[in-house]
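Heads up, the next two complexes both have chain A, just with different partners, chain B and then chain C.
Up next, the complex of A and B:
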């Protein structure tokens, strides 16, 4: 194993060296940093050209200049990497350290959401193979797959930001919308749940009434201007979550797990007012973190208290329920912040932004308002990236699960008389995750590289923007800095995927491939 | 008090109606006090005179935060800022030309320190090669050694023409510059104020604002060092000036000494490649009084044109100042809450023909070479006649800003009386008379004189085409199509590194844009005179232009200058060397409530008149 890792790390170094050498020279040859100056009519043009040549060492031929750059990079080994200075005067390493967190914020949430949603819907489509739901999801997946992000972004901004903000000035929901939303939601749920005609239409009717009713309620009460869930709704949702999580995790048959989950759901409502008190008086990430820790600890004890045997799955179930229903309390807090947020001068009752990472005019010291500002700014980019990203996961999860379901061990499991839940969740789902790891890891490497187009259309300045700036302003140091980080991440991600494979699948052993 | 039931009823109804009206009427929006300006390039630092920071965004920011003796207005006229101070010529002799700059009493920096003549001296340190060498700050012309003040101001008009060091008056409010000879546009090269006390404090490692007496003492220390050419303090100040101001992250931890300025606004915060926020400077008195209600200005970086239009529609921007394309203009026109303003930037698109070998470039002996005599000249005329300028204007420029007339001279800018006078007699009418069809006929006749079967066997012309520019690609396509009608086969060589290829002997024709950052007397001389300083790519050598340009170094009266322009321009058109086409179009869209935005073709395009902005 050690030999394998060493060998791979060695190869990694060679790949990085070769590719950076090639890229450096290509970039240096293709761009002329003096171009703009050559066209200038400025009287001090010649002085500027001299100064720039001196700054950028343009008199050294690119292949040799590469080694000057490399010398700085080798500082990594003594803890002092020097990626040089960008043409804007900022140290490249500083620009990178600002851009990486921005990119992570932009792409991480979207990647995780896309993976979770995609895998969930993919599994449902696989279980309902060749159903209406399967066909429509396949259609949606291919549709989203083929949409360019800049176009999706334009549409989302037009409808979810500009039009929605206009709508919020006078939020009266027209009847056509109420019926339309009901019809679509009915179709969605009915095609998932409805196995026969009767069940189909019952589901349809219930979903229709619920959704239309909810939308009407929102419209009539002005909920959109001052939303909140309130303890009762949270309790109801928490109980629902407790049942759902228990069913998926261990099955409702496990009464101990159900009781533990329900207790946690109940506790989350007991904690509603104290939690809000903490939110108001000790705002900040530390308070939230401590409360999450407290919540998980309680969940562990509750899980242990209700179980006698086979404790791990029960504790797991109660932790998941606790975190989800605790999340509802947090969501409720954000909803309560919505109204004061909308009323700040900077927001001016147009809460959904189309560009940027935060509102530059918002000068609020309130933790919740500034956090909500970050959330609203994340909304459209995350939605756009999720929409486009999750299509791939749907198809991949569906295909993989179908393949796994045809395996002999699934037939064996069914023949043993295991419940369908156990067969799917324990035997099929886990094996589906092995090939999924590959794309997950590859996606994560891509995350750091940034999303060029998404960043541009949403005016975020992450790694993609840095790379574009490097190309546009013929800034070799900056471009190489971005390249170095993304290339390292890509190579490392492949390496990690290989290692993960051997961990996840005992049949594969790294380093024994001779 | 007793009320009759009817009165009660009336009161109730009245109250209900009032309530209903107050609920129905849209809440009176509080007057905005913020302006969010669109930027398409990231900001680069606070000192714009460095090679790393010299950008239009930096100039826009500097214009908000600093005021000097003059500025360009939207008519491209240099306006004196008499509130800040005054300047006048005190000696006007052929070998002794002196200008005195006086700061008005009572002007202050944003930290309250009075602005004096001492603050005007730093621009001599950063601009005079002689001073830099004499004070041991390094030779700016050296190709290996960086000078202490490592900026772009050396080796320019100021450094070449200044004589000796500026003289500070005894009351320390005036500075007298002495030029070697009277120089044209001398008012462009005067000193600007720099907060030298802040630089001294920074050089001495201070990290917070200092007391009033400490500030005055620091100013004195600089003055002593300046007079004694004390390289120790000056070198430290140079390091601060060249490096410390190059910050793109500004927040509460930023050294406040770096932010001292004298403009209407002070930098409050900046996030690299994202935004920059300016707050009102409460002590501002160096320029016209602000009559607006604006207390915050934000520069927001949005590189994508569509994203910016949508942000404008969503109220996140107050002003769009991005790409000028017909699509963007159409999108902007659809937004009901903004006014769309067409505009121009001082860049002139033009066709240049290759006349002779340029020094330092490969030899040129193509069809347009002056060695070809009358034949080459006829071909040049035919080629320029064949450029369908009206069609280019109509298809490419008019949809953006409505301008349909092609340019007829580059010596002064369109829209002025001088421009019309020059065009009337500079010979440009040869290329604009009649319709394109009649011009085509004329051109074809000229070509056929030397190439009788040019229609079947067109004359090959190698044109350098700049890559990555859709407008130029469209322009070349239109031009190529029309040139084919007059017997030319324009072969485009699309190059991304075209800037370095200008003047290369391979090409017969070039087309690109000249950008000019200021309006000077010698305007296009650097391009057209023999071995001109900038963009000398055609190998042009015309005696009449040379002599006209040589006489433009000294200040000239307007009517004399005009005759010289006409003389030079006539020679240029007679030689059929170059043809101007259009001024780069710009488009701005402004929030309808925001008043006073007047785009300026010169940089800074937008912030030059911030004191006139209001809601």
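Up next, the complex of A and C:
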């Protein structure tokens, strides 16, 4: 294994070397940093050209200059990487260290969301193969594949930011909207759940009434201006989550697991007021982190207390329920922050921003307000990237699950009388996740490249913006710095994906084949 | 052949109903006929093929053509994309100017009747006819797509087949090079190239982009060649004395054509999105030339006041990309030998009844 890892790492080094060499020369041929100066009429033009030539070592031909650049990069191994300086005089590594977290935040959120949504819908389409839902989701996936991201981004800006902000000035939801939302949501749920005609129309009616009722309630109470869940709703949702999680993970027949997760759901309401007290008095990531740790520990104990045999799945169920209902409490806190956030001067009741990664005018010292600011700025770009990205996951999850469902071990599992839930969740779903994991990791790196356009449209100062700036101002060091980071991430991600695959799938032995 | 066990025979009999339907359909048909038949059964793919063809015809016949700089072949549309016309005031909503005159709502439903009007897609801010501009942009984007596609397909197939067929050192060198190229995001290469050479014309830019877009295809072709060259029919051809050239062109390539066609289609839809994205960020087609991405980029700020400037080019990009994707899907279904058409319930019942009748007659 160690030999395999070392060999792979060596190969990664070679790939990074080769690709950066190609790009460096390509960019050096295409760019002419002196172009602007040559055209200038400044009397000190020649002196400036000489100075710039010396500074950027332009007298060295590009293939050799690459090695000068590489020498600086090799500083990584002694802790002093040197990516050179940009045209604006700032060290490239400084610009990178500001841009990397911005891009990562965007890409991480989008990838996770796209993966969760895509896998969920993909699995449902596979289980309902050739149904109307399957066909319409296939169409949606193809449509999303074909959408230019910049086009989607401009649309989102217009409809979800500008129009929505205008709407918030006077949030009265028109009756056509209420009916429309009810119809769409009814169709959605009915086509997933409705196996026969009766079930279809029952689901349709229930979903229609529930969602249009909910929308009416939002409109009437001005919930959009001052949203909150409140302890009662949190309790209700947590109990629903407890049933759902138990059903999916071990089945409702397992009474111990159901009791454990119901207890955790109940505890979330007990913890509601203390949690809010901590949120108000000790705001910050540390408090949240400690509370999550406490939550998980409690969940472990509750799970252990309720179970006698087969403890691991029960503890797992109770942990998942606990984290999800704890998440509800956190979401509620953010919702409570919504109103004060809207009323700050910098926001001025227009909470959905169209540009930037944070509002610089908002000099609030309140942790929650500035966190919410980051969340609202993440909203549109993440949505755009998620929309484009999750089509791939739908198709992939569907294909993989269908393949797995055709395997002999699934037939065996059904033949020995396991419930459909166990067959799907334990035998099929887990085997679907093996290729999914590896795709997910590899995709994460791909999205970094894809975020370029998104960053441009939403004016985020991330790596994409840096790279484009590097190309526009013919700044080789800047461009190569960005490329080096993204490429390293990409090849490392592929490496991790390979390793994960060999760990998750015992049939594949590391180091075999090649 | 080994003797079949009883269980085997039984299971074949159960399946034979479906197989019989499948096999009967393809009896006596050539490979090409089977593929065509399967493709035309994919409804979405056929509709997409129709859509794409009409877009191509629409875009390339609407405007005037200049052949060799002198001969002018007139198009059927009354304006060109360069004419500066008077901005149409009047019945536009919200006091804007140059709004679209196209109307799809018949008179008896309260609309203005079905008709194009003088400027179906409206006019841009300096009075140019937007329909003509969008048609010009569609021409440009389509031709860029085709150039990128053909350059990348040629390179990908040639390099992939050489690597897969000859293996050994050539394969190692070529595939390392592919590894290098694949690590660089296409959008970065595209921007670097586009920034410098975008002003040399769309065709040249497309040619350059095609030089960097072949890598994925070459990997697929290589993998296909690696498996095909071990097959018996290749051995047979070699024993019969066929040259490498003959084996590649007559034996392996026809068998790999399915994979190639499908991935080239997907490459095409990627190409049009790449071109529009590059033009959008200003590294692709540059003014005064027109492309769909460029149009969107130029008018994205006027979305609030004059949204048609934004909608029409976008709709054309999506229609093209969507059609190409669906055609690719149809081709994949058509070429995949494992692909079984879903037998409808009625057909299955029919065949079951037929079988029962046959058994009863025995």
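Heads up, the rule we're going with is that the second predicted complex is superposed on the first by the 506 of 514 C-alpha atoms of A that agree within 3 Å, B and C clash if a C-alpha of one lies under 4 Å from a C-alpha of the other, contacts with A are read in each partner's own complex, and residues count from 1 in each chain.
Everything below uses one rule, namely that a residue touches a chain if its C-beta (ideal position, glycine included) is under 8 Å from a C-beta of that chain, and two chains touch if they have at least 3 such contacts.
Here the structure is a predicted model, which means the values were calculated and not measured.
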item	value
Contacts of A:422 with chain B and chain C, given as first, second, both or neither	neither
Chain B versus chain C as contact partner of A:147, first or second or both or neither	second
Touch count on chain A, higher of chain B and chain C	B
Chain B versus chain C as contact partner of A:162, first or second or both or neither	both
Which superposed partner A:502 touches (first chain B, second chain C, both, neither)	neither
First (chain B), second (chain C), both or neither touched by A:364	neither
First (chain B), second (chain C), both or neither touched by A:22	second
Contacts of A:458 with chain B and chain C, given as first, second, both or neither	first
Which superposed partner A:276 touches (first chain B, second chain C, both, neither)	neither
Which superposed partner A:30 touches (first chain B, second chain C, both, neither)	both
Contacts on chain A seen with chain B and repeated with chain C across the two complexes	30-31, 150, 154, 158, 162, 456, 468
Chain A residues touching chain B - in the complex, by the definition given at the top	30-32, 34-36, 38-48, 50-55, 59, 85-90, 94-95, 98-99, 150, 153-154, 157-158, 161-162, 165, 169, 345-346, 348, 350, 352-357, 360-361, 456-459, 461, 465-466, 468-469
Of all residues in chain C, those that touch chain A in their complex	44, 176-177, 179-181, 183-189, 191-193, 195-197, 269, 273, 276-277, 280-281, 283, 293, 296-297, 300, 303-304, 310, 314, 317-318, 321-322, 324-326, 329, 342
Chain A - residues contacting chain C, complex	14-16, 18-19, 21-23, 26-27, 30-31, 130, 139, 142-143, 145-151, 154, 158, 162, 449-450, 452-453, 456, 467-468, 471-472, 479, 483, 486-487, 490-491
Interfacial residue positions of chain B with respect to chain A in the complex	26, 29-30, 32-34, 36, 42, 44-45, 50-54, 140-141, 143-144, 146, 150-157, 246-249, 271-275, 277, 296, 298, 300-304, 306-308, 310-311, 313-316, 496-500, 502, 512-517, 520, 526-527, 533-535
